[in-house]
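Multiple structures follow.
Two complexes follow with chain A in common, the first pairing it with chain B and the second with chain C.
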Partner chain A sequence: MSSPTTAPAAPARSWAADKLFLGLSFWEYAKSLATPGNFVAGLIMAVGLPLMAYRFIFGLGAATNLSQTNPWGIWIGFDLLSGVALAAGGYTLATAVYIFGLEKYHAVVRPAVLTGFLGYLFAVLGLAADLGRPWNLPVPIVYSFGGPSVMFEIAWCVVLYLTVLFMEFLPPIFEWLGWPKARLWAVRMTIGLTVFGVMLSTLHQSSLGALFLMAPTKLHPLWYSPFIPAYFFISSIAAGLSMVIVESALSHRAFQSRADHHTDVDGIALGLARGASIVLFAYFFVKLQGIADGGRWAMLATPYGYWFLVEMIGFILLPSMLFAYGARHSRVALVRWTAAWTVLGIVVNRLNVSVIAMNWNVPDRYVPSFMEVWISITLVTLGVSTFRWIVNRMPVLNAHPEYPDSSSH
Partner chain B sequence: MIPHDILTLYSAKMLEYGIAVLFLLLFIPFWRYVQGPAKAPAFARAAGRVPVSRAAEWFLTPADRLFHRGHAWLKGGDDGLVVVGLDDFAAKLVGPVSRVSLPAVGAAVGQGEQGWRLTAADGRSVAMLSPVDGTVVELNPALADSPGLAERDPYGDGWLLKVRPSRLRANQINLLAGNAVRRWMEEAAAGLRGHVAPGLGALAQDGGAPVAGMARAIDPDGWDRLAATFLLTAEEDDHA
Partner chain C sequence: MKLNRRTFFKVAGTAGAVALAPASKAGATSHAEALAAGRRGVLVDTTKCIGCRACEAACAEANVLAGPAMPDDAAVFAAPRKTDTAAFTVVNQRAASPARFVKQQCMHCIEPACASACLARALDKTPTGPVVYHKDRCLGCRYCMVACPFGVPKYEYDKALPYVRKCTFCAERQAKGEAPACTSVCPSGALTFGNRNELIETARERLYAKGSSYVRHIYGENEVGGTSWMYITDIPIEKLGLPTDVGSYAYSSLTQASLAAVPFVLTLWPPLLMGIYSFSKRRNEVEARGGSAREEADHV
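== the complex of A and B ==
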């Protein structure tokens, strides 16, 4: 029945060894994990995961400094708002490549989509920690939609877009699993998913800003503006582009053995810097319109005004100029540092809107508790570790040998 | 009482219009600054020996050229002009050329529009697409006496035109460089292999150099139409 064939030279490795342990045996793999980076990550999680359990067992009051006056802390300002803004690289790059046909950026689409997916995933985890009743999270999706609430749009967009990002990332997963038919099917959906993803991102990046339209008396007038949904959307593009510059530089250094050495990482960074520079330039003037529209000029000469100017000049205008200079003169290092600075600036902006300039006139100021900070760091560490785990296994930075064109999907 | 003039109606509005106009005025120089000086493409500066890869082991594609899908190349020079020619694939596809009909000096050429025409000894001809928008400033004088140069040395003495590009940056989006060239040439070679199968199997499988005038070898009677298919000018010829 079975025809005698030549025996393989070496016994085939088990599926787990091949797919999960990077071709090593379990013990070899476990040994390879003992690195300083993993030690630090492990330490953060060893403290952070019990803290998360503590928060879910004993509640928000025990774990956080949130109150009825200050119901939103850094889990919203940092984990959710900043996380979602920085995940915008997924839709920005997918649109640039699949819709505008800018083939040059093909090589960074997969890492950008993966960063987007993980950014959203961990933003949702952060949200689950922040919600008083996280078990009610599926309610607006399953029943009791609550259509008139701004939360309705946010909930639906995040659920749908998280799904879209996951589906956009299916081709590398199927390549890794060795399922060519499923991969073909997933690749065919690329354009449709990209279009859908742009729609959803446009809707909910801005609707996260629209949340604050409901707090005109709580948010400082310099940050409050009817244009705030547009601010959130425009700045998310700059955030996404900067994040891709930072992330591609770091990952091509950290995963040298994995990365495709033909990828022109520097050229891509300079091109993205051009885009980010122009977006930030426009963003600066749109923010200026908000000040003019609200007639807030006099407030610039107050302590909050100085802080606002730091954001406007230091984190918007300055990086715009530095990106422009770096792109024009091909200063890749300058562009990378500027991108990191812009990422920081976006985090500062989201924290300003949701925490720092929120309830600015209330004596009861919110300062995050140790547990809130540590849990946020834990979530970031989990995100970075997941990114590493995936990049080390799936064809993200490099094309799969069986699908040499795969980095194009 | 303030007169009801549109500009004094609401001073904040006027300021907003002012900011919008200021933005637009500043945006133009800013955009130009960010996009950098209009320089010849960087690949033109690659000096000395240029690596040549044999895509699909058949066709030469020097790394210092940009390629258009109609099988034409262009190369930037320091003088702001670009040199245009046909690629090795087109040369081997069409084979010996008896006449190259180039546009006149001063004529406008458009990317993806018919640029010139190659005529073979049998009188049949095939059109090719220009890889760039611009104005023709010089024709290769050597081609008048020996049109065969275009086929024998397509990347060297057989160049066709010098063009002053009008929108090189926009054109570059549609041009191929680096790995994309290799991939595209492999596709072209694969497409050719599909046609080769009936009568010319030995050529493809031997891995030897392809014969000059592959199109004629494949289809002696309809070679011009076959070549036009690969050079993306089949439709234009139908209308002609």
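== the complex of A and C ==
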């Protein structure tokens, strides 16, 4: 707090310079943006955004390789299914810290919630590109209710959860704006929002798997199972934990000047690895039970069976063991690489269910078009850039000086 | 007999169950029967189809579609065709001698997968049979296409403002008391439009008539829980070009368990999580005071 006598001495910076330009003048700020990373991001977007416009002007047929046989491609399998699974860190960490009282992980709740919010936001944007008539999105929310539809449940949950994540992220926004009263009001909602967030996440994470229950003749029997909602829910927890490990490692390296150096990033990573190891182990056996229950053992000795085993052993059992080893022997680097590998494994699983093992028995196979891939990469780039923009301004990785305990809410 | 509380509940419960059970069961059956009695359908007798494709032309006219290309018969039957956004029905040749043709279109399931998949009720089942499309409600998520085991809904990928397109069972014509366009022009008696229950009777009569060469299976009577369009034939069912791995259950039943879990999550999670929260909060408070939660509990 500056005393009234010294205040006039410092030249008052404009609101924009203070809040938006990191305390620099506009031109200084513009110059500071000229970095190799921003150049690559700008290049991706410079191609990606016109491609997005192209898709809306000329239609899905012109931009994608979707067909009458394969109506869902990577915008569903990667942007939506993988995006939502990897954004599960928000509810996982909020539950661990606010409900279970595991204070050790407090420092990573805010980045996890922010990652969750942006993950959902860009998953929904990817969905908007995939929908034929995205402007009709309010229809099932406002007046035409498809009650018996799993998709209806997902639409409601995602709309509500996006709102919940935004409200969970209000405290750092209000700290940034300097609105202490609003901040206090937002902080008081934390527990309620966390509980509501867990309810919504349980429902829609599992329901994204339940979508595929309707395709018993189309999805390969090794992936089709009545337990698929449980697979999606359990794996979302592992995805969320792994994503937080990866994201906190990258953030504390990339934002060294911003990050709180008292945060025990290594200890947090090792603790989360222990949790992820257990969850992946359970996930492995629940998946195995699906094979036993469906009597699918013989199918393991087919090409699709080999690919299924790659997923089961390479992307579930192996990381479970590596997490356990890394956590036990405090091998932080191993834990971080394993987390990245698990994130990849979740993406592989979601693509298997929605694209690779889908319509496995018909000749018309789907391979994404160049534009589908580029637009997906553009959305990821937009998400990362937005994350950086926010972390550079708001108290996410560090406590706000005026609210020293701010990272505890 | 002494009537205590427990016995009273037993007696009351049993009496109530006896009084209610037959009534509700009878009510449910008569309601289901009334629904079934009002259901219309089409019986496709592939032994009578001559492959003239008048139904295709009538369909294109009734729905104002470009319709399938109409080259000479030999060329058009060279390879099986699929329905698409410009042709809601196609006739394919499925056996050479004797020549057997099979018409394909939306099956208008009794409990349609597409309608139970649709989040906006854009695809909706009408009580008498047609599965209709309210295009103003459609988001274009294409989940109906994923869900339909017959691959019927087709998407206008080539348009910037696309819709889902499929056979409407001529719902508007039916509402005016007319038969669907395709059945009204069929010259050979291969397509019979009528009451679904009666059509099943007709089909059985043909299947079990003396000297019948029909395969004794009505495709669509029980497939996916029953469909409005039903097929009888004298070639193996697997050769009709219709999926035989679809089961005899309604597809809406596949997601029922998952959707039934929703109320449990909504009612069980909040008390469970709030309970854990109050435990962990107390533990942290006690530990902050330098004690252990267990010791504190002993003093209370």
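Rule of thumb we're sticking to: the second predicted complex is superposed on the first by the 402 of 409 C-alpha atoms of A that agree within 3 Å, B and C clash if a C-alpha of one lies under 4 Å from a C-alpha of the other, contacts with A are read in each partner's own complex, and residues count from 1 in each chain.
Rule of thumb we're sticking to: a contact is a pair of C-beta atoms (placed from the backbone, for glycine too) under 8 Å apart; a residue touches a chain by one contact, two chains touch by 3 or more.
Just so we're clear, the structure is a prediction, and the values are computed from it rather than from any experiment.
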Exercise. May I ask you to decide whether A:Gly101 touches chain B, chain C, both, or neither, giving the answer as first, second, both or neither?
Key: both
Practice problem: Look at A:Phe26 in the shared chain and tell me whether it touches chain B only, chain C only, both, or neither; answer first, second, both or neither. | Solution: neither
Quiz item: After superposition on the shared chain, which partner residues are touched by A:Leu211: those of chain B (first), chain C (second), both, or neither?
Solution: second
Practice problem: Mind working out whether A:Val150 is in touch with chain B, chain C, both or neither, as first, second, both or neither? | Solution: second
Exercise. Determine, under the contact definition given at the top, whether A:Arg274 touches first (chain B), second (chain C), both, or neither.
Key: first
Practice problem: Please indicate which partner A:Ala324 is in contact with in the superposed arrangement: first for chain B, second for chain C, both, or neither. | Solution: first
Self-check item: Contact breadth on chain A, by residue count: chain C or chain B
Solution: C
Practice problem: Share the list of chain A residues that count as touching for chain B in one structure and for chain C in the other. | Solution: 101, 103
Quiz item: Can you name the residues of chain C that touch chain A in the complex?
Solution: 82, 84, 113, 116-122, 134, 137-143, 145-147, 149, 151, 154-163, 243, 245-247, 251-252, 254-255, 257-259, 261-262, 265-266, 269-270, 273-274, 276-277, 280-281, 283-284
Practice problem: Sort out for me which residues of chain A touch chain C in the complex. | Solution: 56-62, 64, 66-69, 71-72, 95, 98-101, 103, 130-134, 136-137, 139-140, 144-146, 148-155, 191, 194-195, 198-199, 202-203, 206-207, 210-218, 226, 229
Quiz item: Which residues of chain B touch chain A in the complex?
Solution: 12, 15-16, 19-20, 22-23, 27, 30-31, 33-37, 173, 178-180, 183
Quiz item: Contact residues on chain A for chain B in the complex?
Solution: 101-103, 262, 264, 274, 277-278, 281-282, 285, 288-289, 292-293, 295, 323-324, 327-328, 405
